[in-house]
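Consider the two complexes below, in which subunit A is the common component and subunit B and subunit C are the respective partners.
Up next is the complex of A and B:
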């Protein structure tokens, strides 16, 4: 079908404030030109929590975690305290590209119920490297999975395209362990991976599609290891960091020009990140904090959460998803429904009073699950979710020796500083939320099939 | 990959039209009898069309001698294996997500 087209460029973990600063400094001339052509840079809220798997899934499905069921990279099996790693098969709401393809694989959601009746003709999508789409699954178009994709054979739909990508040396992801042992080599890998990403986008761009989602995840890796170099001109890797952004800017400009040339006035172009980033000062081990406050008891034996012992009232999963240890949900649980409220109040007070050495607060926001989530998977939601002040990376590590610890990483995610670039006429009024965007994309296609 | 049935049927018909015309032309060239050449052509057309179709479908099921795409048998697995889970844990740890 010839008609409206949408191009979405995702840049994982790129913060609004840094983009604004780099555009100002002249490091991103293509982006500057795009902004001058009638686009606006917005600061956007990421999902709660601001983890890539949750944020990208929220973007793709347009619904909150209690509807799509993804709350983090890890979930705890309440039957035996073992860890589960949700994948694309665990996403319980259809994505906007499944809605556009008129095949939701039997899934439904509030967004699908609203938009499916408005479309009569299936539209073709190409979706490359969006996190939490692994293993790839049948859809109307092409899907190349992003993080945590393990092997190309299961990361590509239709599978026959895997050989094409393999031949061109496509990189699913860089090896993050290299960032710990060979920083210069890791940077080289990031530049190389970005080249390969661009080649793959170019290849698929030539095909027929209505919606194209191209995601770049190297930015997130760069930030985890080098974010302290972003604005520090004396940092040994500052030049390389800026060069990476210049290369990114070139890629964005290249795609925008191609899109304009091919689809002109029919096109809708959007750039977004799934969360912001900040320089990391300290890691904060939330489970150690809960241990010291008497909420968590650990056994000596067992792995990770299997160490949870009798007497535990609460524990946390990364980054700060705090769960009450209910007696009717966990084998060793002992919190009854009647006690929940007093525990939640006590925990809220504790987190409010969690302070750094200089007395400044660590936690900037505390939410109860009913405040931020609505949907059929509300039971899986954390009872409390805390967001930190920038600089303090909250961790769910079990068995840490201290509450505050130095980190091997330079950067940490934040929820409040994701970025969004949209045509100026798309006005949100308030600060946009990542979950609003799927509806916006689907709206663009509405009215064509009447 | 095996062909769809409709492709086999269309190939059967197109080949039969071509081959029957050739047969009728040859019979006519040797005998000079138009009626006989058309008769042989019709009998041959029906019988050989059936035989050709069965022959084509049988060969379609034999993979020997076929060029096969290396990913033709790939199955999309939804479930992660224990090895996958180990690898994922490793990746998440390396990025500080665990």
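Up next is the complex of A and C:
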């Protein structure tokens, strides 16, 4: 079936504001040309929280965390306070490429219920390096998993392609710990990984597909370690930072041109990031803050959350997912249903009054779970979710000595400054949300089969 | 047949079938309760004399009680014991405190096992893993190919690889066979009791603590318990809600994931 085609380029952690600035400065000539050809750059809201695994899963499934069940990179096992690391197997809603392939592996969602009946023919997708798709699973096309993909053999569907990628020296991920030991070497790794992504995209681009999702994750790593170099021309790595964006721009231009050429100037093209980035000033250890406020008690024994002791009323998981320590859910829990409301009110006040030395607020938004999540996995949601003012990176670390701490990182995620580039005629009115895009992509294919 | 008879005969059937299909086979014995139970079943399957080698991967960090127990049983049961050690890395001082726990496991367990498999040309390994041991082992199969060259049915593959000894599939061609897969932790203890299988004393409480799962000294911690006999352990398990591996360092993939996340500032 030679029908409509869609190309999506994902760039992890690239902020709207910086892209605008770089286009303006002439660092991204290909992007500038695309924008002049009838595309618009939007500022977009990431998922809540603005963690890559949550945001990309929200993008791929088009539903909120209470439907897809992913709230972060880590999940606390309420039976014994041990940590769990959700992976693709824990995503409870089908992705748009599973819906397009007419095989949702037994999963359903509000989005799937809406769109599945509209398609009669399965469409083929190629999805490369999107975070939280590991381990790769059977789908109609090719899936190469992104972060946190640990083993190439399990990161590729169909598995036979793993050896092809291995032969080309495909880089499944850079080693982020190198960023702490050898900054120059880490930068080299990022450039090298970007080359390998491009090679892999090129390889798969030649095949037959209806939807292609190509994701770059090196931008996020670059930002964590070097975001302060983005606009500071005196920064020793400013030149390298800009060069990376130029290389990225070249990659985007290359695939955009190939896409239009191949499909006679037709097709739906989209670029998005999963969250924005800001320069990091201080880390804010939320669990330390809860300890000082008397909500969290820690014992000496155990690791991380196993240290939660009797008397704990609330604790936080990264970045600021605050959970009440309910007595019917946790072995040492002590909050009864009747007390929840007063604790939530007290916590809200505490967060509202969390201030920097100069008296300026740290928290810009506080949400109750019912306000922002709806779905069958609402029980796993944090009771409160806080968003910080740019510059203050909220952390769920256990056992930190102080609330405010200097960071070894240069950049932090933010929720409000993700980016989106879409054809001008796709108008959202309000600010787009990352969860809106799956429906938009599926809409594009609708009508063909009837 | 009662419940334990059924479990036993299923395991023995798998062990015999495996030996029939793969002559170049060996059993991996960690000296823990599960693989010691498996060893017992192998003896039963072949009327007291195990016809294949028993591999123990020695990291050099095991509990002294485990070495003593291993050598005693090897002697008493006439085992063909192969001790696999990554001598090169042990000499270099590899340990959980040098580098990461993951690196340590990779070198001293995975690579040591790889060396043994290569040296003896083994085509299959019997392991004592159980389905209830860890959530990610839930989809494991009795016969599990570990190479893309074997036609693997991807949909039937585990959603997570359970295996502490997992090595790159391309470099390793062997089957892993899990005759104990259908036992639960409680089944193992009840079977140990019925058969009077010898078990390392670390499992029994001393001064209010005992090990529920054993391995290398630096990566195991005891649980609070007063269960000092098999009967008391069985009673304790019937009321326990804590997962068995709670006292152990995170499993390998989790450890790797955690390292990656930490390097990016999470946790």
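What we mean here is this: the second predicted complex is superposed on the first by the 447 of 450 C-alpha atoms of A that agree within 3 Å, B and C clash if a C-alpha of one lies under 4 Å from a C-alpha of the other, contacts with A are read in each partner's own complex, and residues count from 1 in each chain.
Throughout what follows, a contact is a pair of C-beta atoms (placed from the backbone, for glycine too) under 8 Å apart; a residue touches a chain by one contact, two chains touch by 3 or more.
In this text, all values refer to a predicted model and were calculated from it rather than measured experimentally.
Undergrad: Sharing subunit A, do subunit B and subunit C clash or fit in the superposition?
TA: Here subunit B and subunit C cannot both sit on subunit A without a clash.
Undergrad: For A:10, is the partner it touches subunit B (first), subunit C (second), both, or none of the two (neither)?
TA: neither
Undergrad: Examine A:146 and indicate which partner it touches, taking first as subunit B and second as subunit C; both and neither are also allowed.
TA: After superposing on A, A:146 lies clear of both subunit B and subunit C.
Undergrad: First (subunit B), second (subunit C), both or neither: which does A:80 touch?
TA: second
Undergrad: For A:318, select first, second, both or neither according to whether it touches subunit B, subunit C, the two together, or no partner.
TA: Both: A:318 reaches subunit B and subunit C.
Undergrad: Name the contact category of A:176: first (subunit B only), second (subunit C only), both, or neither.
TA: Once the two structures are laid over each other on A, A:176 reaches both partners.
Undergrad: Check the residue A:94 against both partner chains and state whether it touches subunit B (first), subunit C (second), both, or neither.
TA: Neither partner.
Undergrad: On subunit A, what residues does subunit B touch that subunit C touches as well?
TA: 73-74, 83, 85, 87, 89, 135, 138, 147-148, 150, 153-154, 157, 159-160, 162-163, 173, 176-177, 179-180, 221, 224, 318, 393, 395-397, 407-409
Undergrad: What does subunit A use to touch subunit C in their complex?
TA: That would be residues 73-74, 79-80, 82-83, 85, 87, 89, 135, 138, 147-148, 150-151, 153-154, 157-160, 162-163, 166, 173, 175-177, 179-180, 221, 224, 304, 318, 331, 393, 395-397, 407-409 of subunit A.
Undergrad: What part of subunit C is in contact with subunit A in the complex they form?
TA: 148, 152, 154-155, 159-161, 166, 168-170, 241-243, 246, 250, 253-254, 256-261, 263-267
Undergrad: Under the touch definition given earlier, write down the residues of subunit B that touch subunit A in their complex.
TA: Counting only subunit B, the residues touching subunit A are 69-72, 74, 76-80, 84-85, 87-92, 94-98.
Undergrad: Under the touch definition given earlier, write down the residues of subunit A that touch subunit B in their complex.
TA: It is residues 51, 73-74, 83, 85, 87, 89, 135-138, 147-148, 150, 153-154, 157, 159-160, 162-163, 173, 176-177, 179-180, 221, 224, 318, 393, 395-397, 407-409 of subunit A that touch subunit B.
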